[in-house]
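This is the structure I want to talk about, given as structure tokens.
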Amino acid sequence: MTEPLLAIRDLSVDYRIERGRLQALRHVNIDVPKGSIVGVVGESGCGKSTLISSIIRLLPHNASISNGQINFEGANLLDLSENEMRSIRGRRISVVYQDPMTSLNPVLSIEQQMRHIQYRDTTRRSAKLEKSLAMLESVGIADSRKRITQFPHEYSGGMLQRVSIAMALQAKPSLLIADEPTTALDATLEVQIIHLLKDIQAQFGCTILFISHHLGVIAELCDYVVVMYAGEVVEKGTVRDVFHRPAHPYTTKLLQCDPAGIQIKTRILPVIPGEIPDLVNLSGGCIFRSRCHLAESACETEIPPRREVAPGHAANCHRLPI
Amino acid sequence: MIAVLRLVIKEPTGLFGLVLVTFIVCSALFAAVLAPYDPVALNITDRLQSPSLSHLLGTDQLGRDLFSRVLYGGQVALGVALTAIGIALVCGIVLGMLAGFGPKWLDKAILLFFDTIRSFPTVMFALATVALVGPSLQTVIAVIIVTTIPTYGRVVRTQTLSIKSNEFIKAEQVMGAKTARILIMHILPNIFGPLMILASMDIPTVIALEAGLSFLGMGVKPPTPSWGSILNDGFSLIRVTPWPIIAGSIPLILITLGFTYLGESLRDFVDPKLRKNF
Amino acid sequence: MLLYIAKRTALGVIIVLLAVALLFCMIHLIPGDPARILLGPRATPELIAAMSARLGLDLPFPVQIMRFFANLLRGDLGMDVITNRPVVEIVVGQLPYTLWLIFLAILFAGLIGIPLGCYSALHRNTLFDRISGFVSVSFITTPSFVVALYALLIFAVALKWFPAVGAGDRGDFLDQAVHLVLPVFSIGLAWIGYLARLVRASMLEVMEESHIRTARAFGLAERRIIYHYALKLAILPTVSVIGVGMGFLLSSALLTEIVFARPGIGKLIYDSVITRNYPVVMGSVLVSTVLFVVSTTVSDLINAWLDPRTRATL
């Protein structure tokens, strides 16, 4: 297997809060092979956003990376200086955020914003404009010459997310991180954006790290999936393996709760009972045990090790055969 | 009440404000006990003295003890502020509730009235009034009442409107409760907190306004001491002695600072979003 | 856009008309005869009757108010009862002094207050931020005439750095500028505090918005993010605050003009109150009210235009 484009090794991130140290990410390992689409799935609060912020190193001031490496294109991002990191952001790694309506500046036109992000190019203003227009066309925005002069609020949500994607791809990054890019959109637009991402991946050949809490989208789009729970990776593998033969009880329950996957007509959507455990006062043992219907005595005391259930498919659970 | 106080003094600025306010309010309340001299007694032989042990802040051009005048001046400042704000609050509550709960035309009319009142620059409006009825403390109070009603009225109106749309009020209406009953039982308790904060933040503005008008000679009649009239004496004596200006300004600055900090810590505690628009 | 301008202007005009009507009613409904006040306690009944006739006070109330508005439309605010000059002429002569004073005070406050607030927001909870917060509140709470008195006491009387009274020689620009320093400082000081606190608060809010995170994720320089992306948004509220604060500014200009014995609309009102020259009082209060309404209207319009979100929906 060749070296992955992005390899997160043993990453732990803490937040200093009033009550103490909130351990938002604990020993996270994720590989993103070059040219693939990797989905990260989990409930809100499982550390997805912290993961993205760690990769592009834009964590809030009260956060600190206590352990681990983020290897990207042969360098550990955590070792880079702020200036070196800044030259990676938006050029080698770019991000498409959740709500396009709030993630673009409301008082600058699309043209200005697309020009500003090309600040590294020494080309003329007109050349930058042409490049921006071409990008907008490639994400399916018709009449781009007129629309580029408009402000974000003049766009619909779906169109604006296309603009965000165009902006993210402008510098031809090798890694595109999509942070729940379809959550703020309605279902038909969601499908369009997913297709757009697929096309783009084929066209530009970039690698995509796709964050979502929506399993259907992951199944549709991704090659690999990483399941996160309360700051830990509990299962990962190819989409086919994980969706057809889930190994971790959490994954199983997630799949049961997904409305798209429910076969039998039911009035009540199943939910996973219980809440995410308090990440400040962590005791040893399996993080999922309080909500797990299969929990046994070992789960109370020992942190479950990672076990391979098939080549490339692993999960962290005591109940799996060694 | 005790719980509120505890929260206020937890913040250093809140504690600072509370101490300042308590200090000045007490010194005004007990002026009769604390003041070493009669604030209006003339003593020409001792005039224009610098501070000394017998006259802590010196004396003015008529030999009156400035420290005693400052203490009594506090009574005027606080008296005017509390009277004016109290009456303005009542009027504001009534008008605001009428606007919020009444028919749409009444709402529009009251809002337009508020906008009109607010379109007068306060001090100029006060001078125009004084030009008509002559200077007196009552005139000052009346002007302050009229110009501050819109502030309270608007807050009450907004709050009334938002509470009106609540389910429990609608349910009461359906059950046939009288409007007056709904207003008094439900809306009044709900708007009380925000109003008190607004009022406490208005006290410094009102005190400064009273001082400004008395400084212009439009407020208290001599020889009654007021911080503004002490400052006016200081202004005419500015080339002779700095002490009346210092004596008149210190309590004024301290009390406005104190009430501002107190009001802000109250506000942050009750509702961080309630910002005073001036 | 045009509709909004029309609506907002119409509202402004209505408010001015109502304010004028209210002022007029006040004159006539408040007990006390303006003519008697004007002439003082020792006036004979004949004199009072003559003055009433001269001011048109003997006519029925509806006729008076119609006449008042009709005159107003022709730009006639009546006659100064002492010098017998048209009130409009007097007020217009004094207005520039006050306008310059207010404009320079806001400019001075903005040049210091906005950077101060911006810097405090970016270095929040540092010692600098705390000190600047305390200083801002102190500036705000100290009434402008107290600042003016101290400025006069320290810089004019004690140190003699600046002249104490007047507006300087007409035509001598430098002299006029020197005379403006202390008054501008006295009015502007509170506004340094206001603007610093306002910009700090809105800057903190804007820096938390997610488009700032996006800008950072594109590797934009922090300087560009602050000045181009954040400050541009954070500065919007100051426009409307200055507009609404015009009434406040006029009030402090009045007191400051008196302390520094400067000509201006405030000094004019004060002097006319003292001399009981009530047509001049009414005329100048009216003009300053119009000024206030115009400035709130204009600032609303500017604000709507500055923000593309509202600009498009106008």
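Which chain is which? They are A, B and C, in the order written, and residues in each are numbered from 1.
As a working rule, contacts are C-beta pairs under 8 Å (C-beta built on N, C-alpha and C of every residue); 3 or more make two chains touch, one makes a residue touch a chain.
Keep in mind that this is a model prediction, so the values were computed, not measured.
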item	value
Most remote chain, CA-based centroid, reference being chain C	A
Chain pair with more C-beta contacts, A-C versus B-C	B-C
Whole-Å gap between the CA centroids of chain A and chain B	55
Distance from chain C to chain B - Cα centre to Cα centre, in angstrom	21
Rounded Å distance between chain A and chain C, as computed from the means of their C-alpha atoms	53
Residue numbers on chain A that touch chain C, as the complex places them	56, 58, 86-91, 94-95, 97-99, 102-109, 116-117, 119, 151, 153-154, 164, 167
List of chain C residues in touch with chain B within their complex	11, 14-16, 18-19, 22-23, 26-27, 30-32, 34, 37, 137-138, 140-143, 145-146, 149-150, 152-153, 157-158, 244-248, 250-252, 254-255, 258-259, 266, 269-270, 272-273, 276, 278, 281-282, 284-285, 288-289, 292-293, 296
Residue ranges of chain C touching chain A (in the complex, touch as defined)	209-211, 213-221, 224, 228-229, 232-233, 236, 306-309, 312
Sites on chain B touched by chain C in the complex	112-113, 115-125, 127-134, 204, 208, 211-212, 215-216, 218, 231, 234-235, 238-239, 242, 245, 249, 252-253, 256-257, 260-261, 277-278
